[in-house]
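I'd like to ask some things about the structure below.
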Amino acid sequence: MSEASLAQIEKDTVATMAGTTWRYWLALGSAVALVGLGAWAWSVALREGLGITGLNEPVMWGALITTFVFFIGVSHSGTLVSAILFFTRSPLRAAIGRSAEAMTVFTILTAGLYPIVHIGRSWLFFFVLPYPNQRQLWMNFRSPLTWDVFAITSYVTVSMLFLYMGMLPDLALLARQVQGWRRPLYRVLSLGFSGTDGEWRIFEKAYPIFAGVVIPLAVSVHSVVSWDFAMTLMPGWHSAVFAPYFVAGAIFSGIAVAVLLLAGLRRGYHLERYITPKHFDMLAKLLLAMSLVMTFVYATEFFMAFYRGSNAEMEVFRWRATGTYAPVFWGVVLSNSVAPIALFWSRVRNNLPALITISVLVTVGMWFERFLFIVTTIARSFVSQNWGNYIPTWKESFICLGGLGWFFMLFLVFIKLFPCMAISESMQSQHAVDAAVTPEASHA
Amino acid sequence: MPEELVAVYADPDEALRAVLSLRERGVSNAQVSSPAAFPVVHEVEHTGHSRALGWVALVGGLTGLACAMALQVGTSKSMGLVVGGKPIVAWTAFGVVMFELTMLFAGASNFLALAIFSAVSRRKVARSIRDLVSSERIVVTVPLTGMEPKLRDAARVVLGGALAEVAP
Amino acid sequence: MPRLGWSARRTGLALALVAIALSVGAFEARSQSAAPPAAPPAEVPPGQPGPAGEVPFNHQVHAGQYKIPCLECHAYADKSPSAGLPSGRKCMGCHKFVGKDKPEVQILTKRFEDGTPLRWERVFAVPDFIYFSHRMHVRAKVECKECHGDVAAQKTVQQEKPFTMGQCLTCHEARNASRDCLVCHK
Amino acid sequence: MKVSRRGFLGTAVGALGTGVLAGCSEKLPRYLVPYATPPDDAVPGLARHYRTVCRECPASCGATARVRDGRAVKLEGNPDFPVGRGALCPRGQAAIEGLYAPGRIGTPRAGAREIDWAAAEKLFAAGLQRALDDKKLVVVVTRPETGQLGKLFGTWLEALGQAPTQVVTFDAMDRPWLRQGQERAFGAALTAVPDLASAKLILSIGDDFVEEGSPVERARAFADQRAAGGKSIYVGPRLSLTAAAADQWISVEPGTESLFVLGLLRQVVDRAGARAGLEAATLENLQHRLAPFDVAAVAARSRVDPKKLQDVASALLSARPSLCLGPGRAVAGADAAALAETVQVLNAVLGNVGQTLRFLPAAPTAPSMELAELTRKAGAGDVGAVVLHHADPAGYGPVYSAFAGALARVPFVATFVNELDDTARKAHLVLPDNHFLENWSDVRPRPGVVGIQQPVMEPVLGTRAAADELLAVARILGKTTGLPKETFGEALRQTFQPKEIEQGFRLEEVAAVVPRLSPSALAQLPSVVTFQGPEQGLPLVIVPTFRHLDGRQPRSALLQEIPDPLSGFSWTGWVEVNSATAAPLGLTSGDVVALEGPGGRCEVPAFVTNSVRAGMVAVPVGDATALLASKGFIGAGTRVTLRRTGARVERSKTDVGGAKGAEKLVRTVEGPAGALPPAVPLPSMYPPVEHPVHRWALSIDLDRCNGCGACTAACYVENNLAIVGADQVARGRSMSWLPVMADVDTSHGTPEVSYLPLGCQHCTAAPCESVCPTFATYHTPEGLNAQVYSRCIGTRYCENNCPYGVRRFNFYDWPRAPSERLGLNPDVTVRERGVTEKCTLCSQRIRTAEEQAKFDKRELHDGDVVSACAAACPTQAIVFGDLKDPTSAISRRAADGRAYKLLEELNTQPGVFYLARRRRGST
């Protein structure tokens, strides 16, 4: 990376926004197509009712909620990782922070759709928002779903600001570099930021504070989502381990997705110079660590079920491992606990294709892991006369895929409009590196 | 239009050296505009509200907390329905939203503070000069108005070759 | 799978969801029409003068000029949940003698002799999921006009106050009547 | 009282008007339609109640119809009427659904062509005229009509110049062998009135009296008998509802029941014959007849454990008075009469006659014609016209195919029906009769009891009363001698006092008789092998079901929707195969098998279970595919072969509580006096919830519940529950608010089945409430767990957090035919798609009662509010009431030692509590 001059950095980054290859259009096109598919499936659900899903009594939550939890999970690592790297003053942050934050924002924006899609009367979803009304009736603040509403809206707002804040210097820079319609856009968005020493002082003071706000928020949000389940009294849900378990799972899946996105960007925009094996190595280690945590959590769950000795709970876990969904369960174990072990070897960590394969496994694995614990519990709760089963329908899975398309669509549009790497930050760290190699440059 | 010296450097380190030597010669009011937070920006003496930022965030956070409490207690009492055998005002349950809003308001206020304070602080530098800044142009300005001649000369010498003409 | 009807309104709303999210306040008003039972008949939007049914019945004359008390014709309001409309026979009670020359009355007479009942346009409506008992409100000394407006002054009756939950609640609060949901929601 | 006062509008504007007055459809109608001339005492918006009689089966229980704005919306029992005593079985509950069924026809049909009534009458008259001209017979075939209508048929035939005896009573469910048995045993035609309640021990020889005969009455009496500490033994091949409710189920090899009974009788005669107070001759005759049936012989031939035989004998001898019933359909072989006689002899020897088994002189029945005779005559071409009245022999498969064939040779066949049945499809003239809720009639369920069936509303469709049509056609033919001048209804009404009509019945004094056992009893012993037919194949037993009786048409969609608690099947019949029998065939529950036998062939899903004896199969009569076979075989034992077809029928719910790791919902106590350990109140973080005025609650006595499902059906009708259809039920989307769960306990050898109606538990600390983000569900000050539909956005979070799994979700806007809308209960809204619903404890009934009490300026008394399920329950297992009222029936129950709450350890503090089932072990 040392050969990149400051100007080079700027040039390369701007390049990612300038040239639009057919590959980009293909990607965007397919993303939009997926969105269309999802939208159609949802319109059917709206016209006919949720009967088009595989849901039934007792399994009232299925693929849609799974997708919601999954995307919330993915969202987490982005902001979290970026903030943590910031506090550890890691030189790696400059290259990957931006896209990680963007990933966060867009995954939440995706996740946020699913509760609305999932409820029986989507057109009344605003009943859960706090607004003055003639009914004198607001929402129930004892309900974890209400907590969700607040947690997620706060988190998405703060994440957006975090992303935006970090982008201010770049916007200012771009506003002076680019021509055409973008120029006024960036000028307005940059809020007049122009890099005077005074602004830099304020910026460098404000940013840490913000990062400090983001981290606990990120942790809280997934804890809250976990409480959607932990606060019930259902066997297999009602458990104190859920909050940390969800946060860990969130970071786990988030990192996997981050790896995939970065690999994509690196390939697509020839950013090999900036997104280096060192980054992937770091992420791989993190992935491995999280995988170990998850494995531990799985083990804990089963142990607790056995240790607590509640009939219903033991049954849930017995069935999870041996019942209808046993193949899914063991598949999940394979992808989330076994596969990542390979990352102990640096040769695997530094072998991008291998890392990507594992990340894909983990991403898919985490979706099914959410699916498992949601479905197995309600399909197998206290009253055996009510035990049931659940298989998603095609339309249902289309809606889930639609979400994937929605996320990629937003992300692709973003990298077209905004720098996917922090320019000014890269320059700064680049300069720091140069200073380190030529000590006489910066004298006492 | 106050008279001032404007020097442009391609390399952050040169800018840094210039600023340092200016200071050696007693010229302490130099200002730097830079595309990134290079060390040089920390070397010019600085007066600003940056210290207030923390307090703003704190106050913001507390406001959020207060709003959350008011909202939850107020709305829960408005109809006063018993659910799950829990009390109408259930603080344990309200804790979550209180936390979320605290964080939200803290973050938001911090961001606003950033925007406003920077706007205030950047007034000292003319837009024409700020527009020069780019990855290869780090601008060092020394306002000359009200400066004794000795220092003016010193400044001229230091900035020497890097001096640029800025159209008023 | 059951036969299912397409509801343009709902789909419209659904597709507009994103826009809605931005203007919840505005959407809140729509919520009334979002829940089908709540929708008053499209033909008679609240606030519009109600059409007169088959016979252009004039409340101004009956209730205003001749001061006929409401309960005279809406005879069940004090003994049943539903107030009821005057039967053909009830109308004929007077119109056997009164205003026989008027064309409306002649229609009325004709229909009564055929034994086919008259059709009245609905002006006031509460949603299907709401239980409203006239007799309990009459018993609680709630004046008819408090909800139905000053009918005696209207040629053709029209809904002056909207029948919204807010209206009910404010009155229930003022009179310190129960605000338990199940009192009205069935 | 004039019928017209129940009319509310001309039928022309009827549909329009009713939509208005009910306001029950989602869309509010544009127009309001008042009466042209109001009935003198009808107040719109207030319910009226009319006493009448349920005609869904020959039992004829008393009924009370609730009528809102001119439309019957609910049918309940008549507490004063001796038959039924205030309860109604599922069929009775579903009667309302039949009244508004889309399948009903409103206009007469000539063949497939719809014609108006004038044309129909002309056609009818012509048909009869031709028969008379040709000097051919005119015959009436009717369902059992024990009242004046039955007589009218005779008079009508007489007026036509025919013999009044040309009336055939057709009842596929009739059990003639019981009458014949009595006659043989006592040498006189008698009507038996068993008094189950006061019997210390009931021995049922395959008699499913809970399902058949007079179900409501018997079920109630049986429950009372159990409650009083009485014991019961059921001898039969299958664990029927009756068997499940009994204390002991003895399953002997099909066909050897007679041996068992004879062996038993021998024991009893040997040990107590002398003290039985029989004439010497009679006793001697018995001893002589029974000589071959000593324990050893019987045991050897029937492979019954001799010990068991002796035990039952001792039990019978020690518990006096006892009561022996049967044989029922399940064990009724070729000569069921002989077996019935044996059972009666057993009763006589045990001294039950006059004690628990009272006899009345048989009701004087007008001389009539047998179906066989009609078949013969029709076949011979002597019959010119047949008038069927709610009789559908052709629909009963092979057994009656001969008659169906003969009927085809009759030149003119007219039939009175509500919906098209198989016979009607072949008839020349179909005349739509009024539904029994629209008709005048009277019934005599047994001597001394006259039920008055009065119309409770104007006909929904353009139907007319069958009797009036007969009169009309007689007038056209000018042959009216002896026939009433006015309508049949008018004539009938005049024979009763207004007071009697008000109360819905008249009682007449009938002296009971105490018959002596005839000296020549047991002249003909029951043969032992009752199953004729090819030796290969499995004995088939056809058993009646509470829901579908003999499966007669029209079958109620509602009753088909409700799954059978034990087998889990709905919308289809099934064949019960013992697991031992199923194993070699590789059958599992749900596999469709082809049943083939002399009676016919049909394909039904198999239910692999140990509630039916190995080496045989049982088909509950009833629905759809099973119908053909089952009806065909009624009463006639036969053998069938089983073959897998490869097809499958899925059931949504399959577990019956036996599953390992499942929480046990049904708790039991040992012995009549047993009690549960007292529940310890669990600690809570929160202060207890106060209920200032009332705390509505429900209690269900599992010792009384026999799983009949009347509560479920009543709930469907009262609360406008949607019928979602076979496919959706299989997907687990049934909307039932109060499904009856089965719980099979096999830990004591023979399976012990308990039934448990599981609805919303109305918890004080309800898990569903706190998780709802919109306050759509909350706890009312009166203790209800309320669901506010208009506030529900359908997150279904509540359903996930309900440990009892009782909340239902509207996956679609369930379709309803326009006529069905008329039957909706106006006090309950129709839930739209996307909304969660569940049991409301009939909050509409509470609201109405409270309003009435307030309006009348009085306190609410215990019994003012009764939930639909509690009102329906034949055995009074369900009691509804206010726990805040210490004197209320439910408060007394709450104090019972058997009271417990489901999943108590979760501390949800339910408002619904159960009384544990009593185990009495074996005799």
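Annotations for the structure displayed:
Read from first to last, the chains carry the letters A, B, C and D; within each, the first residue is number 1.
The rule we apply is simple: a contact is a pair of C-beta atoms (placed from the backbone, for glycine too) under 8 Å apart; a residue touches a chain by one contact, two chains touch by 3 or more.
Being a predicted model, the structure only gives us computed values, none of them experimental.
Looking at B-D and A-D side by side, the one with more C-beta contacts is A-D. Once the centre of each chain is set as its mean CA position, chain B and chain D turn out to be 83 Å apart. If you average the CA atoms of chain A and of chain D, the two centres end up 59 Å from each other. Put simply, the C-alpha centre of chain B and that of chain C have 63 angstrom between them.
Here the CA centre of chain C is 44 Å from the CA centre of chain D. Looking at chain B, residues 79, 81, 83-84, 86, 93 sit in touch with two or more other chains. Contact of a single residue of chain D with at least two other chains is seen at positions 728, 767, 770-772, 775, 778, 781, 791, 812-813, 832.
Shared interface positions of chain A, defined as residues touching 2 or more other chains, are 48-49, 51, 121, 124-125, 136-137, 139-140, 142, 146. Taken together, the touching pairs give a contact graph of some other shape, not a line, ring, star or complete one.
By the touch criterion given at the top, residues 9-10, 12-13, 17, 20-21, 23-38, 43-46, 724-725, 727-728, 778, 780-781, 784, 786, 788-791, 812-815, 827-830, 832, 843-844, 847, 851, 854-855 of chain D touch chain C in their complex. The touching residues of chain A, when paired with chain C in their complex, are 42-43, 46-49, 51, 116, 121-126, 129, 131, 133-136. Here chain A touches chain B in the complex through residues 6-7, 9-10, 130, 136-142, 146-147, 150-151, 153-155, 157-158, 161-162, 164-165, 169, 172-173, 176-177, 191-206, 209-210, 213-214, 216-217, 220, 224, 227, 423-425, 427-428, 431, 435, 441-442, going by the rule given at the top. In the complex of the two chains, the chain C residues touching chain D come out as 1-5, 35-41, 43-44, 53, 76, 79-82, 84-90, 111-112, 115-122, 125, 127-129, 131, 133-136, 139, 180-183, 185-186.
Of all the residues in chain D, the ones that touch chain B in their complex are 684, 686-689, 763-767, 769-772, 775, 777-779, 781, 909.
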